[in-house]
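Note that subunit A is present in both complexes that follow, paired respectively with subunit B and with subunit C.
For the complex of A and B:
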């Protein structure tokens, strides 16, 4: 066992195992570097799909788009998630990280894998998009890099589980694990399932690319690939929902309205999210309608239900905490008086609202079996998932970083005046971008498509003027979003390099146990939480109404296309 | 105490749930179930459903069928590359090939009449995106997908490829005439 020490952060009271702490820092830095890659390519993609600009030639566009997808969706998100896993286990449970040596090995594998895949894409010959659908073939080291990265991430998941066991055995906390750790556990369990699926499909694909396997069925590939690809989005959801709860707790001292409800909702994720592979196969020949209906709805939409519950309980917890502090006027004083100038809070709230209204609703519509015919492979799809994985996950992670800079990196944030605006710039421009992308997709405009004017085609097709307009706005909003992203990177990197060094706090050889005034009777607890959350009730109702209306608008639209029965 | 600390009550699973929270959960549950059954309802009463008819096939088998159809029902050719225009009988099986980077052949269909459209790919994945009707279907090599389609309105329609299929992806535009 590596010996370690524990640092108690004087600002937050959190206690960091020094091994875990440096692992978190390295993972976070790798995440930021991936974000830099993803951001550079984002601006090129956005400017190429802006019809009036069309920056890159076709080959470079597809290459850059492959880079963008891989670096953003896989590397940025997963490096950050590993840091979150270590935080939610070792730090929140005040316990040493299990087998830090293996954790470093995992990190090294992830870094080597990420670099290998990036190199493969840069060399050309691996312009296959992050989905790498067979039989379009990439260079062997493209797959190899992804496999190494996945194995490294898998090690990280096991370290997380191991740390929970250590904490339990060494009794570093009392009672049940915190809700946020429970959410991270959900993410981790889903991650293990997804990475296994990833291995099942990527290893044969790698062997195929070097000639050991003759053929891989294109439909089977899609089925197994998306068992990884979509389920891994549920890791993101579980992770960013945990971050929302964490921020509500950190910024407001908010406690869950009901531990039972929130934990059950996480449990629903574990039970049903694996089915989501179907979302990508709704317009495919290889699977039956029955299979599609059952799977696309996560068995009767129980996972969607879980997300709706979190969407209610997170603002509900904030409202309850604020009301307790005396912000009880009217429906929304608690929200008006929230710390809107604090990027940790504003980022989280913009993430929450955007994920629910833009990402959530559009995802369910896109994932309804027959409605998918209207939008499959259109620009609606990246519109939808930028609302989930960018507004939801990325923005939540950005917000959390503002908290981690003083707590984990022991630096004062530079330029707080800029930080104040960053979540608004990034988040709101993303709102606009995703909306118009979905608009253009509703008119049929394709995703992953270099030229909506079809130069060189034997025929002509003219998209409606509104589609061109929306593609232009998407380009513009995309550029603004990248500016927001650049600001975030500058603030983070600048703070790490030049921010005022903060006091480290005390070091000790053993962790102090997380002993709290545990009340074993319900009355002590029940008295402390108020369940009176009328403002959240109104917000929740608005969400449901918008959901229902938009859902039926799309069925109406579907009923007008050519009959297919 | 809070979400980042262990729950204060050791028997948290016995806590009661707030009324507003409960109302929201029930509403969300009802809506979830409704959406689930609505898809099934549409299978029974809706007119836009993908059929479950599909076959495993190979590029050679499928292109033989398409060529056979073209030989029988070709009415003319169009464009410099002489793409055949085919007018198959109403209600018949119509074969459409997707390959890098064209749709073959051009179809001429009658408005308001049903057809059974068979699509497959000769090489990679392609995307059948019928515009401006806006019907989007994945085309998978090795699978023959049968789609029942009734073109409703006369006009000139375009087939965009909306699955990335290589450098010529954006030139993969096909045509369907409805008369």
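For the complex of A and C:
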């Protein structure tokens, strides 16, 4: 066993196992590099789908789109999540990380895998998008890279579980694990199911690509692929919800309104969230309506309920904490007087509101079998998931990074004046982009489509002008979002390289029990003192009303698709 | 600065509610989190696809 030391951060009181700390740093840096790849390709994708610009030719467009999907959705997010898992186990439980050697092995596999898959896509024979539906065949090393990456990530999940065991045996915490760690456990459990499904489908597909297996059934592939493809989005949801709770604790010392309720909501995630994978097969002929409806509607609504609970209790916890500090005027003084200039908070809040209003509502609409037919495979779909995975997950992770730079990387953030605005630039332009993408999709514009005008096709389709307008706005907002992303990368990389070095804090051979405010509120137990949160009630009601209205508008719209009279 | 943890001083061993025991057991949760989707999504789905008649 490697021996380790513990560093107590003088700014937060968090205690880092030195091994875990470097693992977190390396994973976070790999995440940022993946984000760079994803961001470069995002500009190209956005500019190509902007009808007035149409930057790339068709073949390059699909190649670049493959790079964008794989680097953003898989590599950026999962590298970051592994760092979050180590943080939530070793750091929050104040214990050593289980088997750091294996953690390094996992990291190495992930890096090798990510590079291999990127190389395969660059070589040009693997332009299959991140979904890689059979019978489209990529180069074998495209699949091999993904498999290596997945195995590495799986090792990370096991190390998380192992660290929970270590902490329990060495009694480094009292009672239950902290709520944030519980959220990370939820993410870890979903991740294990996700990766297992990935193995079930990617290994045979790899063998098929090298000629050992004759055929992969396309419908089976889609079924098992989405057990991975969708569930991996649910890892993100569980992870970014944990980050919301963490930021509420970091920035406000907030306690959840009720720990019991929040934990039960995570349990609903564990049981039901992954079943929603079926929404990707709502237009597939091979599975019955019973299977579709039960999984995507009845069961999935338990998971939606859980998201609504989190979406309510996180701002509720902040409101309760703020009211306790005396911001009790009217409905919203607590919110007005929140630290809007602190990117850790503003990023989180923009993430939370956007995830609920844009991602959540559109997700429920898209997940209803009947309504899905209106928008299936249109631009609405990437509109929806950029609201979940970009506004929800990516922005929450960006916000957390502003906290990690001093706490984990021991550097002062450079250009704080720019950092103040970065979440607004990135988040709000994404609000616009996702809205108009969904608008264009509602009019029927396809996703993954190089030329919506069908130039040269024998039959022409006349798009309403609004479709072109919204595609243009989506392109413009996309470019602004990329600028926001570039700023974030510059701030992070710049701070790591040139930020003022901060005091490291003390090293010791064994864990300490000393706790300072941030560390203690991150691992505290018990609910908020007061449950008087009228402002959050109003926000929640607005969400519900917006949802109901929008839901029925879509049914009305559906009823007009096939006129009866 | 350091907030001492002030619990467990004179507490008697309390009975832990069943629900909390479930939530405190990561491996039980892992089991549930794998079984639910495997049965309801994967196995059921595979059975349906496998029972689609093959065209001749």
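FYI, the second predicted complex is superposed on the first by the 543 of 565 C-alpha atoms of A that agree within 3 Å, B and C clash if a C-alpha of one lies under 4 Å from a C-alpha of the other, contacts with A are read in each partner's own complex, and residues count from 1 in each chain.
FYI, contacts are C-beta pairs under 8 Å (C-beta built on N, C-alpha and C of every residue); 3 or more make two chains touch, one makes a residue touch a chain.
This structure is a prediction, so every number in the text was calculated from the model and none was measured.
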Contacts of A:178 with subunit B and subunit C, given as first, second, both or neither: first
Touching partner for A:192 - first (subunit B), second (subunit C), both, neither: second
Which superposed partner A:556 touches (first subunit B, second subunit C, both, neither): neither
Subunit B versus subunit C as contact partner of A:454, first or second or both or neither: first
First (subunit B), second (subunit C), both or neither touched by A:286: both
First, second, both or neither for A:295, with subunit B first and subunit C second: second
Touching partner for A:164 - first (subunit B), second (subunit C), both, neither: second
Which of subunit B and subunit C A:217 touches, first, second, both or neither: both
Contacts of A:272 with subunit B and subunit C, given as first, second, both or neither: second
Subunit A residues touched - subunit C or subunit B, whichever exceeds: B
Shared subunit A contacts, counted only where both subunit B and subunit C touch the same residue: 174, 176-177, 217, 219, 281, 286, 288, 514, 516-517, 520
Residues of subunit A defined as touching subunit C within the complex: 161, 164, 174, 176-177, 182, 185-186, 189-190, 192-193, 196-197, 217, 219-220, 223-224, 227, 231, 263-264, 267, 270-272, 274-275, 277-278, 281, 286-288, 291, 294-295, 299, 513-517, 520
Subunit A-facing residues of subunit C, complex: 1-3, 5, 7-8, 19-20, 22-24, 26-27, 29-30, 32-34, 36-38, 40-42, 44-46, 48-49, 52
For the subunit A and subunit B complex, residues of the former touching the latter: 58-59, 62, 92, 129, 133, 135-136, 173-180, 217-219, 222, 245-246, 248-250, 253-262, 281, 283-286, 288-289, 293, 296-297, 300-302, 304-305, 308-309, 312-313, 316-317, 364, 368-370, 372-378, 443-444, 446-451, 454-461, 463-464, 514, 516-522, 524-526, 528, 531-534, 536-537, 540, 544, 547-548, 551, 555, 558-559, 561-565
Of all residues in subunit B, those that touch subunit A in their complex: 1-21, 23-25, 27-29, 31-33, 35-36, 38-40, 42-43, 46-52, 54, 79-81, 83, 102, 123-125, 127, 129-138, 140-145, 147-152, 158, 160-175
